[in-house]
Amino acid sequence: MANGWFGKKRLPGAEVQEAPPSIPDGLWTQCGKCREVLFAREWERNLKVCTKCGHHFRLTAPERIAMLLDEESFVEIDGDLTSANPLNFPGYDDKIRRHGAASGLKDAVVSGHGTLDGYALSVAVTDAHFMRGAMGSVVGERISRAVELATQRRTPVLLISGSGGGARMEEGLLSLMQMAKTSASIARHHDAGLMTIILLTDPSLAGIMASWGSLGDVLLAEPGAQIGFVGERVSQQAHLGKVPQGFQSSEFQLTHGQIDQVVHRKDLRDTLTLLLEFAGAPGVA
Amino acid sequence: MANGWFGKKRLPGAEVQEAPPSIPDGLWTQCGKCREVLFAREWERNLKVCTKCGHHFRLTAPERIAMLLDEESFVEIDGDLTSANPLNFPGYDDKIRRHGAASGLKDAVVSGHGTLDGYALSVAVTDAHFMRGAMGSVVGERISRAVELATQRRTPVLLISGSGGGARMEEGLLSLMQMAKTSASIARHHDAGLMTIILLTDPSLAGIMASWGSLGDVLLAEPGAQIGFVGERVSQQAHLGKVPQGFQSSEFQLTHGQIDQVVHRKDLRDTLTLLLEFAGAPGVA
Amino acid sequence: MTASIEEFERAIAELETQIERVRKLTRDQGLDRSDEIAKLEELKSDLLRKRYGKPTGWDKTQIARNPKRPFTLDFVRLMFSDFTELHGDRLTGEDGAMVGGIARLNDQWITLVGHQKGRDASERHHRNFGYARPEGYRKALRLMRLSEKFKRPIICFIDTPGADCSVTSEEHGISESIARNIHEMFRLRVPIIVVITGEGGSGGALGIGIGDRVLMLEHSIYSVIAPEGCAAIVWRDAKRGSEAAEVLGLTPHQAKRFGIVDEIVKEPLGGAQRDYDAAAKSLKDALVRNLAELHQIQTEELLRSRYDRFRSLGVFHAGS
Amino acid sequence: MTASIEEFERAIAELETQIERVRKLTRDQGLDRSDEIAKLEELKSDLLRKRYGKPTGWDKTQIARNPKRPFTLDFVRLMFSDFTELHGDRLTGEDGAMVGGIARLNDQWITLVGHQKGRDASERHHRNFGYARPEGYRKALRLMRLSEKFKRPIICFIDTPGADCSVTSEEHGISESIARNIHEMFRLRVPIIVVITGEGGSGGALGIGIGDRVLMLEHSIYSVIAPEGCAAIVWRDAKRGSEAAEVLGLTPHQAKRFGIVDEIVKEPLGGAQRDYDAAAKSLKDALVRNLAELHQIQTEELLRSRYDRFRSLGVFHAGS
């Protein structure tokens, strides 16, 4: 499996923030961790994992879907849902427009259904390139609908987090309620005896983790992702003081019993396939 | 409630080991903790709690039943079961005889049914005066039968531990299997929607705690009881090193989330009554 | 510019001292100054009515955080009988910031769980200022399951600035504990009433916040983030909390407008901290009434409604 | 007096060295010394047959503890395919002394959990010498429940000197974790096969020891207490472990006699540590056969039988 998933064209919005402006965009990119300058084609063939240090670059939701699902199998649903500004929060409309333009996304999530190695499933992916992936009403609604669709079709659901913000304060309490809503859908899916798989990528924080991000039958994480309850900014405010080495990394969470496995990007599809087989997911002919 | 439960006559085997020989037996007793010499009548009226330091003396199973159940309500069951020596373990038969003679008990448990403030329930009490209350086949069988009787009559069951030994090695693996057996009965009782209350008294250790002693809907403990996984002798062998202050006390277990409440002996009946009411236990007219 | 609630309360305290002084004069010297007292009392009521009549979001934030406000165990003492506290998560710990137990509401056994703040320095420390830890959420879940087993309704009292985010709590899975509770609360087959009595702080509140009815005391708040935190992020200035409190929509009325809260429970004039008994009576009436309604509903219907209630929350545009 | 298994194994090792030397001579010098080799090999087999033919309880104790014995992950590697290890209790920790995951036994998905000892010093430390902690038992329970959800059978591998009794494990509820597992294993609605592969140490073993079938490898032990511990208590002399091993009845045959174990799985001559493949094949055959039998049984009947199986264990006098 796995080679050339991104070979056709570069997807918009990926990692632009990590490439220093001095390096011409397109041909080269620089590793955000070890600072190595990488030949873009090789780096893309390597699934955007640094060929030197193994750093897993952030992917966009479309990239993630292209990488994991069977080719051409993905069907987006609920793409017409967009964020409102229920509290008339100053600057929120504008912010949505800006993030939309920069990321090419309508909101911080892409959801739908498709197949993975022939297994039908629902999938939803949050994307940190849009408002840090924070969970507004649209994100909650799309995730819940993806889960409900899976329950209805009796397929597994794969939820992938790339969400640094957790709650989207511009929507106030409504944002908090998305934690309840998504968890409710998963509870029903669970009661129907169907599988929920969570994949945590960098970053996965706060409201996401205190709801659907922790509610998989199995929780997988990419190496070196930041995963935890509060982000840096809040933990500075909370005067946490000195935190241990590797605090809130995937590996830290593994050691503390919070996730099942840290899986290299290149092995993800194989691992997911085994889990789907274990769950007895019906294949799609 | 509560006054004069032991007023009629002294029960056999109680605390004789704690009274130094220089003090005439019957009139005076000495506190094992603060060394205060106590007037026996007053000490008995105080439910064998030291009037000076609050130390809860160990009770025998019959004393415990007399203290907690409604007067004359207790009906012993399975009193005809006695220990065999399936492994022909050297000295076991003799040991049983000696402990039986000293304690006035046939084995380390007394079980039956009765009422508590009018609520029908099964009850089983292990007694550290007989082979440290260790769980042989008879103990396991009587506890399981008491639980099964409760399930059948749809009443709660109250299991009281005073067991320092846990397993009874003289019965080898059969002793270990009593952990499985008693837990199985409780699982069925639980599935029937009925209440299991555990009362931990000094000492409650090892196999008891790794089975029925931890399996109550509610776990109560008397103050200052030793409660834990391994007894002192084993923990010395295991080179545990320095243990924290109050290690394995009731209060330690409360702090570490293992028990619901530490209850003074004088309040036990009231607390049990509330729990039985909460469980909706049927009263007996 | 209106005085802050804190300034206002200091002024009221002075007025109360003055009233007490006049009362003492009456007693000590036998002079009848009841007219004067009545006037002062009326002035006080007037002032309270004015200041507490139309409180802003920031006002409510301060009232909700008032350390004199009744805490969970105060309400428990005043509303319930036969309270028996049950401790521990049966896993790794006991958390003083979350209390729970069984009790009777009139003739009916219930289970309650709730955040608990501390009154004095030592209790505050023991209660971790109401920041509950994983052990607290897991204790709450254990007790709620106990309640389900014996078919007793559950009442949750929310009063927390937020969940504990210490290193230890992260290590013990604070995220998982909250997520698990939310998940399981949708599956509990008994009625659940949630009351926000003081601070409803974000995920820490929601961890015991799923129910068939969600009530808020009149001067409580419910927010996705502390106003100061919001201001720090949006305007990079934590001092602009009062502005953030307005835009966040953290008042009971805002929460009700979006269907997040079902009922606002009236507090005595000037806030619950002025009259514990009246506050408890008001809340007790609401609990009794709501419980009676919920008891009419079949279990399956109850669970379906609970699902639908939360499932419908959210505001967005559909159709591009 | 018979040599101890350890002494015997040292002698066998010398014999093996000698055989190897002769083999090398054959290769290096081209001399045909196959007769000599055959004789030495036969001697070795004879010795093994004699020494391993009627091992005492103490012999078995030493064989079961042999650090060269195949451990859980060795059996997993040799018997299963597509093993995917799953970590963590989702509460507070990950315990290296207990492993678990999903895997395929021939065409059939199963979940396995098991104690894991370490081979070298660093792994031994990581595996805590096979003494599992509360986190390990809770991980095992989590995975068994996962298996139940997807209707996959469970296989438990027991190989532990006992549960961890450190202060931390006491603080994290080691007793509760074992009791809970025993309790829940009676409620799991899928077939469970338990295999004791090495040391079956008391409560630490029983914590993953409830099943519809309990198998023991031929040279494993299952005991309520370590023989040395028993000797220390009974005779106040830990060195009399060999005597205690006899009276404790810790061999597979004794366990089978009392109905505690259903089947004894043959090991290759001289013990599983001599031939991992043969040991794994023998165990795999037993697992496949038992699973096939269990699959014939309806769930309710399965649970009833599991209950009855353990409920009937015990020997006592009835009637005075």
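For clarity, chains are labelled A, B, C and D in written order, and residue numbers in each chain start from 1.
We adopt the following convention: a contact is a pair of C-beta atoms (placed from the backbone, for glycine too) under 8 Å apart; a residue touches a chain by one contact, two chains touch by 3 or more.
What you are looking at is a predicted structure, and each value in this text was computed from that prediction instead of being measured.
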Partner chains that chain A and chain C have in common: D
Higher-contact pair (C-beta pairs counted), A-D versus B-D: B-D
Mean-CA-position distance for chain D and chain C (Å): 54
Inter-chain centre distance, chain B versus chain C - centres from mean C-alpha coordinates, in Å: 41
Chain centre separation in whole Å, for chain D relative to chain B (CA means): 34
Residues of chain D touching at least two other chains: 90-92, 171-173, 176
Residue numbers of chain B (touch at least two other chains): 190, 214, 256-258
Every chain pair in contact, whichever chains are involved: A-C, A-D, B-C, B-D, C-D
Complex contacts: residues of chain C adjacent to chain D: 90-92, 134, 138, 171-173, 176
Chain B contact footprint on chain C (complex, rising order): 82, 84-94, 102, 109, 135, 139, 146, 149-152
For the chain B and chain C complex, residues of the former touching the latter: 190, 193, 195, 214, 217-219, 254-261, 271, 274-275, 277-280
Chain C residues within the chain A interface of the complex: 163, 165-167, 169-176, 178-180, 182-184, 186-187, 202-203, 206-207, 209-210, 222-225, 229-230, 232-234, 238, 247-250, 254-255, 258, 260, 307, 310-311, 313-320
In the complex with chain C, residue positions of chain A that touch it: 79-84, 86-90, 106, 136-138, 140-141, 144, 167, 169, 171-181, 183-188, 190-191, 206-207, 209-215, 228-230, 233-235, 237-238, 240, 243-244, 247-248, 256-258
